[in-house]
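Only one structure is covered here, and it is reproduced in the block below.
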Amino acid sequence: MLSGLTLYALLDVMGTFVFGLTGAMVAVRRGFDLFGILVLSAAVGVAGGVVRDVLLGDVPPAVLVDLWPLALTCAAGLVAFFFAPVIERLDRPVMLLDAVGLGVFAIAGCNKALVFGLGGFGAVLLGVLTAIGGGVLRDIMTAQVPRVLHEEVYALAALAGAAAYALGLAAGLPGGLVATGAVLLAIVIRIASVRNGWTLPKARG
Amino acid sequence: MLSGLTLYALLDVMGTFVFGLTGAMVAVRRGFDLFGILVLSAAVGVAGGVVRDVLLGDVPPAVLVDLWPLALTCAAGLVAFFFAPVIERLDRPVMLLDAVGLGVFAIAGCNKALVFGLGGFGAVLLGVLTAIGGGVLRDIMTAQVPRVLHEEVYALAALAGAAAYALGLAAGLPGGLVATGAVLLAIVIRIASVRNGWTLPKARG
Amino acid sequence: MLSGLTLYALLDVMGTFVFGLTGAMVAVRRGFDLFGILVLSAAVGVAGGVVRDVLLGDVPPAVLVDLWPLALTCAAGLVAFFFAPVIERLDRPVMLLDAVGLGVFAIAGCNKALVFGLGGFGAVLLGVLTAIGGGVLRDIMTAQVPRVLHEEVYALAALAGAAAYALGLAAGLPGGLVATGAVLLAIVIRIASVRNGWTLPKARG
């Protein structure tokens, strides 16, 4: 039986790997070489956490201290390098796992910010930054407008999850339960928005 | 009667709002959805201050602690969302307010750096970074070459204001007076450069 | 006779200047004005070091405290401004000096990280970031995909140099010797890869 901590670590590992995989697949499509694939994989997998740690003053960031985050993104890069044609056909599962990463990173970022003494508002904001940071860097490094700015309900799903987590804790609910529920909320919103083609309104020209 | 502090806070609020507005208008023109508009508005309004705080080691940055900066940029985003066609016709006033933001942020950044013990040179540099940071991020996030690199006397106006502020303080002049004069100097240089089409020389091909 | 320290400082100065020069030349080619040239020159010359210092928590970064790094990049910018046509014809020497900058910055970054208590893995990683950071910012600010992602053996040369440095120190070899050898290794790999057109494999479409 998995304890809450084990579950959480498992989701975190999965999020880093899958975010890395999305970066690696973009690199493969662009025709980057193996090293470029590994770099973009690492950028997407760890950039959100680095931004979070720098803004909290928790430096050096974990990625410079522990081996596992980059080991995971390298593994993701190698998987993309060797199996890109297979993964291309799997875009539904990749989208699902990406939603998991989004939810986990949003709650992980929010949680760390609360531990470091930030108020609820700042913690939610930092959760969103942690969740979307990697993807923004991926798009900037491939000279594209970040998808989060013009497409679908993405950052909003992270925002909902992080806000639910902060509110649940403030209401005195047990941490493991709140974390699980908040992660699931973000995942469900993200997946539902893709399935149903939810969009936000645009300004009139 | 406004005290110096009240005047300063007023200008700071105005700068954050107007910088947010310039980001939001770019987002509207690009056809981003409401959330994208709010994100780009926030990026332009607060990014310069975040960079300043990170480089000074003053983390977490104010935007994660206080509510008002993001409240202001959200307000700017909503104004752009609902009234974009009206604002398009107002580009002269928006340019004027943008010049105000530039001057205020340059002096605010320089001042904070001096308070944190930086020398005059570093403080002036950080003032310029604070003033131009948001605009640079706006342009990078919309996949454009930052305007500050190839257009008009923009960063130079911030540089002149910040340098005047640091020199005035070093000369022992009263702080409120120096701040006001330095902000006005940056604003006047910026506006004059737009009105008169001032440009800097380019290298011969 | 140069002591090790003098040699090292000389290489560091050369690296900052040459990295600044590569940024300035891109700015000249893009038709940026003088200020844009100086800004891009500064970005390429100092950005890697700023990222390194922020990630190590050593703030404010050196560029805000000492005058010489920006003085060097400004000098590089002026050289490009006045002598761009001459430099265009010298691209072989510029490439050689750029390789020197790459090697020096990789080892300087790795060394500083070790001094700040990072493990070998993180120190090597930070060395690579220090070496490639400026070039990545240059490419992002000119709305291009960073060259390091899709071209040649560039970051890999920095990685080899930094890793050799960390391994050599761990093996108890004398610091000056290890540093010199590691810098030379990075330079040789970089130059050899350009001369021989070495590339890394790409994923099959």
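We call the chains A, B and C, going by the order they appear; numbering starts again at 1 in every chain.
As a working rule, a residue touches a chain if its C-beta (ideal position, glycine included) is under 8 Å from a C-beta of that chain, and two chains touch if they have at least 3 such contacts.
All values reported here derive from a predicted model rather than from experimental measurement.
Asks: With touch defined as above, tell me whether subunit B and subunit C contact each other through largely the same residue numbers, more than half shared, or through different ones.
Replies: different
Asks: Can you give the rotation angle that fits subunit A onto its twin subunit B by Cα atoms, in degrees and rounded to the nearest 5?
Replies: Superposing the C-alpha atoms of subunit A on subunit B needs a rotation of 120 degrees.
Asks: Using mean C-alpha positions as chain centres, tell me how far subunit B is from subunit C in Å, no decimals.
Replies: Here subunit B and subunit C have centroids separated by 30 Å.
Asks: Going through subunit B residue by residue, note those that touch at least 2 other chains and give them in order.
Replies: 54, 57, 140, 143
Asks: For the complex, which residues does subunit A have touching subunit B?
Replies: Listed in rising order, the residues are 54-57, 113, 116, 118-119, 121-122, 125-126, 136, 140, 143-146, 148-151, 153, 155-156, 199-205.
Asks: Can you tell me which positions in subunit B touch subunit A when the two form their complex?
Replies: 27-28, 30-37, 39-40, 50, 54, 57, 59-61, 63-65, 67, 70, 80-82, 84-85, 140-143
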